[in-house]
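In the two complexes that follow, chain A is the common piece, with chain B as its partner first and chain C second.
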Partner chain A sequence: MTTQLTPDRVASPLLAPKSGFGPALARWVGALAGAIAIFSILLLTKGADPIATLVDMVVSTTTGASIEQIVIKAAPLVLAAMAVVLPARAGLANVGGEGQVIIGAVAGAGVGLVVSGPAALPLMLIGGALGGALWAGLAVALRVTVGVNEAVTTLLLNYVALDVMLYLIYEPWKDANGSGQPATPPLAIEQRLPLVGGTAVHMGIVLALVAAAAVWLTLRHTSFGFRLSVVGGNPEAARRAGLPVARLLVTAMLLGGALAGLAGVIHLAGIEFKLRPGLTTNIGYIAFLAAWLARHNPLPAVAAAFMLAAITVGGDSLQLDSGLPAATVNVLMALILLAVLGWTAKRSTS
Partner chain B sequence: MTLTDPRTGAKTDIPLLAVRGLTRRFGEVLANDAVDFDVRPGEVHALVGENGAGKSTLLKLVYGVHRPDSGDISVEGSPVTVGSPAQARSLGIGMVFQDLRLVPALSVTENIALAVRGVKARMIADAAAEHGLAVDPQARVSHLSIGERQRAEILKVLMTGSRIVILDEPTSVLAPQEVTALFAVVERLRATGYGVVIVTHKLNEVRAIADRVTVLRGGRVILGGVDPGNYTDAELVEAMVGRAVPSLPSERPAPPDGAAAVLALRGVSAYGESGVIRLKDVTLEVRPGELVGVAGVAGSGQRELCEVACGLRPASSGVVTVAGVEVTGPRQALAGGVCDVPEDPLADAVVPGLTIVEHMALGLPKVPRRRANVDWADVRRITTELEERVGLQMAAGHRKVAELSGGNVQRVMLTRALGRGDSVLVVAAYPSRGLDIATTRRTQELLLERRAAGAAVLVVSEDLDELISISDRIAVMHDGHLAGIVPARGADRQEIGSLMLGGAR
Partner chain C sequence: MRKLAALAALLTVPLIACSANTTGTATTGTTSASPGKDSTAVGFIFVGPKDDFGYNQAAYQGSQEVAKAYPNLEVITAENVPEDDNAARVMNSMIAKGAKIIFATSYGHLDAALKVAAEHPDVAVVQQGNLITTAVPKNAGTFFGTVYEPVYLAGIAAGKATKSGKLGYVYAFPITQTIDNINAFELGAQSVNPAAQTFAVSTSSWCDPAKQAEAAANLLKQGVDVITQHQDCTATVIKATEAAGAFTVGYHADASAIAPKGWLTGSQWNWGPLYTDIVKTALGGGFTGSKYNDNFRVGYRTGENPFVQSPYGPLVDAETKAAIEKARDLLKTSSPFAGPVTDQEGKVRIPAGTVPDYTTIEKIDYFVAGVVGTLPKS
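The block that comes next holds the complex of A and B.
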């Protein structure tokens, strides 16, 4: 036995890696089981049979039609989750997905009002992305110029975005030929996203998956992604290494906003076809949750987006079948988030 | 030696703490190999050794963090098993960790109350007075200096009833004046019959405070509890390092005369972090092939001086040039051949989650690209090259820097800054902080190699001996001003000291 010591191994025997795939999976399963257990107690207090309700939720989400619904719901969620993941790599908290989704949809609808024909859809998509980028840009501009925390500004801008949309659909953009409901005129057929061969699913999911793959590739395999992780990990180290910190922050946030804007416009052109109050069904917030569940890693965030989409769809059937309010599933989502964040966190060694 | 037991007043020479044949293995590594060690009442026993010698392991075995594979521990002659730190404390073994374990948001009294039940501010004040530990019991820990925090921690350890006080590298975080204050406290503990174990890298500290010294190397005891007075510095260093470490060559070619300055500051002032002017009208030149040391009491503007030279901090007035070009920002400085060893690597240079190789990429003036990505294969190759040239034995390239020990982080910083063969200016703040003797020596050689290769080198250090041995000139700072520049050869410590304190030359 040699006694020649490398300095490190003795200095930090506690830091030896002990996490593996098995324990990680066990923690995840444990966390989900815990969340479901607490949710079951809630169901009991509401007089529902938890086992029947949960079975019903699972069964109702595995029919063909439900699977299509899940994919449709997941498409904007995936994009909006990427809108959180990408800025997070640079250390930015984008809580403004919801507002950027709304402004994306508004910008898409605006383009749709003035452009028709085959160019309309591509221009709407671009317009939506630019709209979302603009909305995120307001927040990051305040951050890099006067140092206002972007978590606060992005969150507050969500309310402004909603009011902008409401103003437009109650006044200038209101459908004159509609039934008096506050909504824009429906998109023309050529302004809508085509369906994926023979299903009810629109092409938005393809766009979303491509975007997610691009985000993953960018973060993992480009020098831009590396620079973002330096800025996110230690901005002072980034500055000392000569990185253009402000420019990287702005770029990350603009890209995030564009992804959220795209989420809004595919939601509009894929399934809603007009602006209306309650358009987004909290896409931005649910996506924020998905990103956190995935600890801001792009591919797990896609999985989390699909899981949350499934819970949402299951919640709709819950309302129909058990008479429980659809908001009940929000409780389940919140429980899952808390359980996953609490139980799967890296434990610091004593 | 016979001394008085502080509790019973009885004469005793039974060791307060004794370990015999302690062995502990971590995987392949024999971290402690049949170690014998003891500390008697009323003595200071220094435990010294290089990084990885097994000092930390020994402390952790004694304090119940780890269990020994074999060997015995006894307290006051009775064999004990130390299963946990709590048990160690109940046996009278107290540990003052390097990273102090106080809650910053609480007051000193509250912190001590967490460890000692029913303690009153009055009792703390009395105990502080008794042990000569100047610390305000009401003060909130976050408002205390690092030296005061350390005193609070020592007070906490004493009030838990410890009779054996173990100080783990207590001076590595302290300014020189605070070291003096700490040693006064240690003297008092010794005089009142406590047993003190002090871990250190520094021989001058051993000589200043220790009655006996134990040298560990490679997990084994090389010198066991000997009187340091019987050994020369060279002998102790050889015991620690395993080979003789010759002193630096004192004959060095003088820097070329008349060459244009590489680094030139003319009337430079700059704001510090708090928005107060911290660098005041400094004019300084460093020529190619010249090493200028910077001495001063901590916080006299050294940090701002380094940052201004590296383009990290704008001058509020005056001009900074490197090789005749005005410095405008960090990227331009980096591209212009400026390399820096940061004063506080964890805050200023270490990115959590990134590996050593990734940190190397950050120090390059131009990061190699392959299509849209960093050419990581090339960065790895460069890393290996730097490592070979520098020879500081960094940890493996895929290791995360934030998870390395302080000394190993410093090796990464030094390899990055000193490995570049084309640097024109090296700015090194406290380059040997946290390093053991062999690595410190290698670092000093590297700085001199850069100097010999024609770079201008600026070194900030609190160790006057280090500055005198490696510098050509020593710039002394006081309160943001350049108080004076003295030639290092034949420099008078007294003179430098009085300049540091603001005295006239």
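The block that comes next holds the complex of A and C.
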């Protein structure tokens, strides 16, 4: 009997073993419960009541304003998580989401400086995606030509991206009418992403969810997605089977970079409106975490992005209601990552 | 190609009602006559940790004095609040908890503060240190001390103490507040030591200990023997300076404990009285139209500066102290920037005999002669 090789069954070190929805959910719940138990001990040592603190945190995320904030925060995280998920299918580790997000925002802002009117926003979005793709392209070019590991180059390019942005906002692009703080002039109203209905949420979330659905469809139902899985599973076998491995790697990385670039430009055009030094507040890294939490599966990665956004928003309550230090929320995120990765890794070896 | 068609269908975004994104720009007439009145809570956001031996700690201490003065008022604080839209989110959370008076204490919190003020006409939002350059909304304002005045006095101590004639200044961003400080420091030093030069180095961060250590090391290598700074966290530079046997002029807080030998003097905050008065004004319903509903600045000429001179270190001699006393008296009627002031190119910017007002001083965008370093062009 021959086994039908379908995209879903292709072995990949980055893919979780195929399992039903029920067991997967149970694993998640178990891991989260473990993380929360450890976190509660930390809260006790800081003199806070864990139950009251966690209840406050959860309750604080349920108000209308908080839900809007979670959606706003999740939009770039979803896109930047897809920027990790897609290349990962081809076995590429894109640690450069942060840099690609920054360059996406920079490219978008650059377009915004020269184009006004109704064409500005679409061109900014395209510019942002191209900028992110270019930045990821640098890393993958080094990988396919001279064999430099992309995990290293993408990570290092994050710092270069930040320096590029800082140079621009300190000198050529600095707002001459601003208050001296390094920042670009604010985007005009027509250069900003419109809001959804009567809410404070910008259209970035729609773009992000469409992009995530497209990534999911591509990976699951297209021959391109299937080829990526083959390359990711065993590049040597893929090469012998006649697949254009280098071209597939480059394409996967460029698409990933474009998604991260889009994350940067929607963050700029949706909520920030100015380039400034702390623009991204680690979108790229948090999204990397979301992608790993989901073991590089697109739809769970969307869920993880929303969960991390909710923790960030709920984390305000740790300070405001319980008077805990600001770093507490980072501890919670790290615990969740370790618990989920530890738990799922254990399951995949059994 | 059915799949491609499906993809394309998906990409045609369902039509969703959308509206222009005018977030934070709404200037609709405020109907509330008394923002902050009868608030049950006050919110404070800080850009850094509240125990940074610097700017944020001083602001945090000020918030605790408000708590002491108003025991029935809930004082909500949040540290490490970035200078971007996250700040608006945190302020909104505080408002949801009942705060109708908000202190946004970092320079870069202004955009978020104005956005929150526009969304909540009944909340008084005050921002520490920046300048509202457009029409001041009825429920917003900025406040600060004339920080450069005590820095000028500290410059006198530095000018007297230096042997190499080279002073170092580690700063974060080339904002006017910092430019004023660097200039005042140099002018103070020049007033007692005409050959003194100030080497200004930027770290592009309010608190990045690695960059601070590098900046201090570079300055010391150039022969600088007195170092001061405009950073939020100050310990790294002070420890490096003390270890090298050079003199320290402090900023934000009295850090003489970590520079027992080289501490000269410095400038430090005493926010309690000013914060308390702002809260009192808003609680009473009199915020709109008050001096705090403006770009409020206070210095030796107009009242009690919340920025005061730090205690002297052991090596400051009586002659230096006398020179500083004399200068302090002079500042009650004059200014560190009393003309003539020339810039680095030798151009006279403030003519002899002119004493500029606070607003003019906050618009200075050049280094004075004697400062070594360049400002980024914009």
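Note that in this section the second predicted complex is superposed on the first by the 321 of 350 C-alpha atoms of A that agree within 3 Å, B and C clash if a C-alpha of one lies under 4 Å from a C-alpha of the other, contacts with A are read in each partner's own complex, and residues count from 1 in each chain.
Everything that follows uses one rule, which is that contacts are C-beta pairs under 8 Å (C-beta built on N, C-alpha and C of every residue); 3 or more make two chains touch, one makes a residue touch a chain.
Because the structure is a prediction, the values reported are computed rather than measured.
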(request) Identify which of chain B and chain C touches the larger number of residues of chain A. (result) C
(message) Let me test your reading of the model: by the given contact rule, A:H221 touches which partner, first (chain B), second (chain C), both or neither?
(response) both
(request) Mind working out whether A:G233 is in touch with chain B, chain C, both or neither, as first, second, both or neither? (result) first
(message) Applying the document's definition of touch, where does A:Q69 land relative to chain B and chain C: first, second, both, or neither?
(response) second
(request) Could you list which residues of chain A make contact with chain B in one structure and with chain C in the other? (result) 221-222
(message) Under the stated contact criterion, what part of chain A meets chain C in this complex?
(response) 60, 63, 65-66, 69, 166, 170-171, 174-177, 179-182, 189-190, 192-198, 200, 202-203, 206-207, 210, 213-214, 217-218, 221-222, 270-272, 274, 276-279, 281, 313, 316-317, 319-321, 323, 325-327
(message) Using the touch definition from the top, list the residues of chain C that touch chain A in their complex.
(response) 3-4, 6-7, 10-11, 13, 16-23, 25, 49, 76-86, 89-90, 92-94, 96-97, 107-108, 110-111, 130-131, 133, 173-177, 179, 204-205, 365, 376-378
(request) State the interface residues of chain A toward chain B in the complex, per the touch definition above. (result) 1, 3-13, 15, 221-224, 226, 229-230, 233-234, 236-244
(request) Would you pull the chain B residues touching chain A in the complex into a rising list? (result) 26-31, 33, 51-54, 56-57, 218-220, 310, 312, 329-335, 340, 342, 347-354, 358, 361-363, 367, 369, 372-374, 393, 395, 399, 403-405, 407-408
